[in-house]
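Consider the two complexes below, in which chain A is the common component and chain B and chain C are the respective partners.
And then the complex of A and B:
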């Protein structure tokens, strides 16, 4: 076995990984923001009395939760542009659209995590005592105002731990975006390792980079949870 | 009573799982390759072992036209495949089995003993020579640039300044592209896992050009005229492209045997025949 050369790997790989690190951090921020919005919308849709809306959402939810995230990413990156182009070509034969790897990753991660988060939000809203809604309605709130001003704010405290969980999980799922050519941590590491054969060194450094992101994030989530319990 | 029952159940289940895993490992540890009497250090060389087993395992990344499994006939075929099959036949090895893995992992799998030899149009490079030994040169086959069919703006590597180019993980082409990107000669480089993905991305206009083996591009375009791509010709290749097979550093017996047969095949004209069959020529012969 050749001797380990951490120094070379560190000097050459780390600058490359700093760029990838930025890509991952911004990717997680945008994707999670999208996921929160989608999650809340789907949750409210599922709670509505409209059976038709409920039905469509259930089909959508089960499809997204029943297929691997990797498959969804590949689908958004490779298949969706082709379908959209085909539809566009009905009017303009030269129409061709493409999603960048970054856009496809945000969409894929956002929709996937949005579906999982919607179940978190739905169950946290349903966990709030029905008495709260009755009291609000008795006081003259409309159903919608009661939901947004009374119920949802209380449900957020319940939803925080699982949501924080998904947040830290998303950081690790960004590694799948390597398959749609996004220049994140694992793709950069693989390209470097396959040219230089410093396999052990490269992948160890990559794992450490993920830890450097995840540990502060979990700490941040824990602080948020503690602060949200202060006024209960 | 109930609590300790649950505890006992969990304990039993976990120990069953653990012994199942441990038992699995023990059974795989008893395959012939791993019994102490057959490690190379104790007398039998890799070549003898292969001859006894009757199978030569060839590591490949399933790249047409070098070394791939034909989807219609399920046969291992291609330039490198035909050469290694002939060499194996002459060495008295009955079967040649391909083992498919990603190109960037070929040498890693070789050293992990997942295969005996790498035959996938790999170029001889100093970094690769540090981890494995290459046979004498099989042939020479340089790079080629592929662009979209209606693109006339790219005539060579100097026209890529505002273009997005694709490269495959682990290849010399990707290294060159990354170098060019650092020097500002290429706008952006996208990394893909296989030749097929590269050409798909080019076909769906995700990238403007692909830098890869010349033989691959010629073969793929010939076989799929629906692809919206074309080779840049005339094209000044950047690399001479010295191609050879690779074996583990300690397998000197296998190396010598392959080199001896290879020399004969070159003299007999077998290599040139195979090259011509796949669209290459005398220009690709190597010393």
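And then the complex of A and C:
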């Protein structure tokens, strides 16, 4: 058995990981933004009185929450372009689409986290006292205006800490995007480790990179948690 | 009859199979102060909440200054109802202040959002009404930093800032510690003296006798008896009114 060589691994792998880190950071920003939008839309859809819309959303939510994120990423990357191409070929036989690994990752993470966030938003909206809506209506707000100006701002304070937790979780879940060939931290580490055989060193460094991001984030969430309880 | 402020005709309200209001007729004139009393479950709060359509009546008509919330045979129009509600201020038992807004922001919110008033102007109005309820030194406090009595006074200022023509008070002092009731009643009394049209549901019988032009006794979803405070409190005609007053006064 050879001796551990952390110095070499650190000197060679770290610059590569910094590039991957940039991929992860932008990926999380775009995916989480998408997840927030999807989450709020689904939450509002589920709170609407439209039974048909509600039914569709429940089926969609259960499907997404009942399958692993990895399967969804693979599906978005490999299967969806095929399906879209097949449909497109009805009109144009040469039609063909591909998703880049990056696009597929944004879509997969965004939709998956959107579904989980929708439950956070929905329950935080429902947690707001009914008297708040009544007070707004009595002042002359329409129910839509009351929702946007009175209820949702309060519910976001309630939703902030769990949303922060999901944000931290998403950073870690970007590692799954290695399976759809995205050059993020794990894929980079894997290829470096297989070339150099510095297996222990490489994966330990990769794990440390995740820790360095996650620890401050979860600390930040704890601060949010304290602040969010101030006036609600 | 141009001075009719509120007109209620044959109002019914059911929750499921349970009929709460069984045909209410009531006319309130401009500047009149109506106090509704009655045992719990008699429908008095429901009646009050029908006056601004927080409860949608099962049947019947509610008109404010001759305009109905929903004309008989027509569909509900949420925007019209919201516009009508701007003329009717309401104060709740549990204050229902917006906890994430300061006293000032609570009062400014509706003028800015609904009246589209410039913030500076709304701020002046908010300050005026917070001063009126004696809270000019608390405008930057959050509801959680105020006593119950102060919160309720902010709630009154918030309703007044929309400059309503009618004020509804739904047991406005019932959730308050006894020593805080007086400060809220003082504000309501002042409003009454200024000629505001008011409908109050209250358990404060002394106060009711003092401010009411007319007292309505409700029981079982009906108006059992109505009259001047003197008639109702000192010379009630119905057995049920007598029984109720005996219970609350001893």
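Simple rule for what comes next: the second predicted complex is superposed on the first by the 221 of 232 C-alpha atoms of A that agree within 3 Å, B and C clash if a C-alpha of one lies under 4 Å from a C-alpha of the other, contacts with A are read in each partner's own complex, and residues count from 1 in each chain.
The criterion applied here is as follows: a residue touches a chain if its C-beta (ideal position, glycine included) is under 8 Å from a C-beta of that chain, and two chains touch if they have at least 3 such contacts.
This one's a predicted model, so the numbers in the text were calculated from it and none came from an experiment.
**Q** So in the superposed three-chain picture, is A:89 touching just chain B, just chain C, both, or none of them (first/second/both/neither)?
**A** neither
**Q** Classify the contacts of A:154 with the two partner chains as first (chain B alone), second (chain C alone), both, or neither.
**A** The second partner, chain C, only.
**Q** Go through the superposed model and pick first if A:81 touches only chain B, second if only chain C, both, or neither.
**A** First partner only.
**Q** Check whether A:145 is in contact with chain B, with chain C, with both or with neither, and answer first, second, both or neither.
**A** After superposition on chain A, A:145 lies in contact with chain C alone.
**Q** Thinking of the overlay built on chain A, is A:101 touched by chain B (first), by chain C (second), by both, or by neither?
**A** Touch partner of A:101: chain B, not chain C.
**Q** I'd like to know which partner A:129 touches here: chain B for first, chain C for second, both or neither.
**A** In the superposed model, A:129 contacts chain C only, not chain B.
**Q** Check whether A:137 is in contact with chain B, with chain C, with both or with neither, and answer first, second, both or neither.
**A** second
**Q** Which residues of chain A are in contact with chain B in one complex and with chain C in the other?
**A** Comparing the two interfaces on chain A, one with chain B and one with chain C, no residues are shared.
**Q** Which positions of chain A touch chain B when the two form their complex?
**A** Listed in rising order, the residues are 2, 78, 81-82, 96, 98, 101, 179, 181, 183, 187, 190-191, 193-197, 199.
**Q** Within the complex, which stretch of chain B touches chain A?
**A** 104-105, 107-108, 127-128, 130-131, 169-170, 174-175, 178, 190-193, 200-201, 204-206
**Q** Quick one: which bits of chain C touch chain A in the complex? Just the residue numbers, please.
**A** 52, 54, 78-79, 82-83, 85-86, 88-90, 92, 94, 96-100, 109-110, 113-114, 142-144, 155, 158-159, 162
**Q** Which chain A residues qualify as touching chain C in the complex?
**A** Against chain C, chain A makes touches at 129, 131-132, 134-143, 145, 149-150, 153-154, 157, 231-232.
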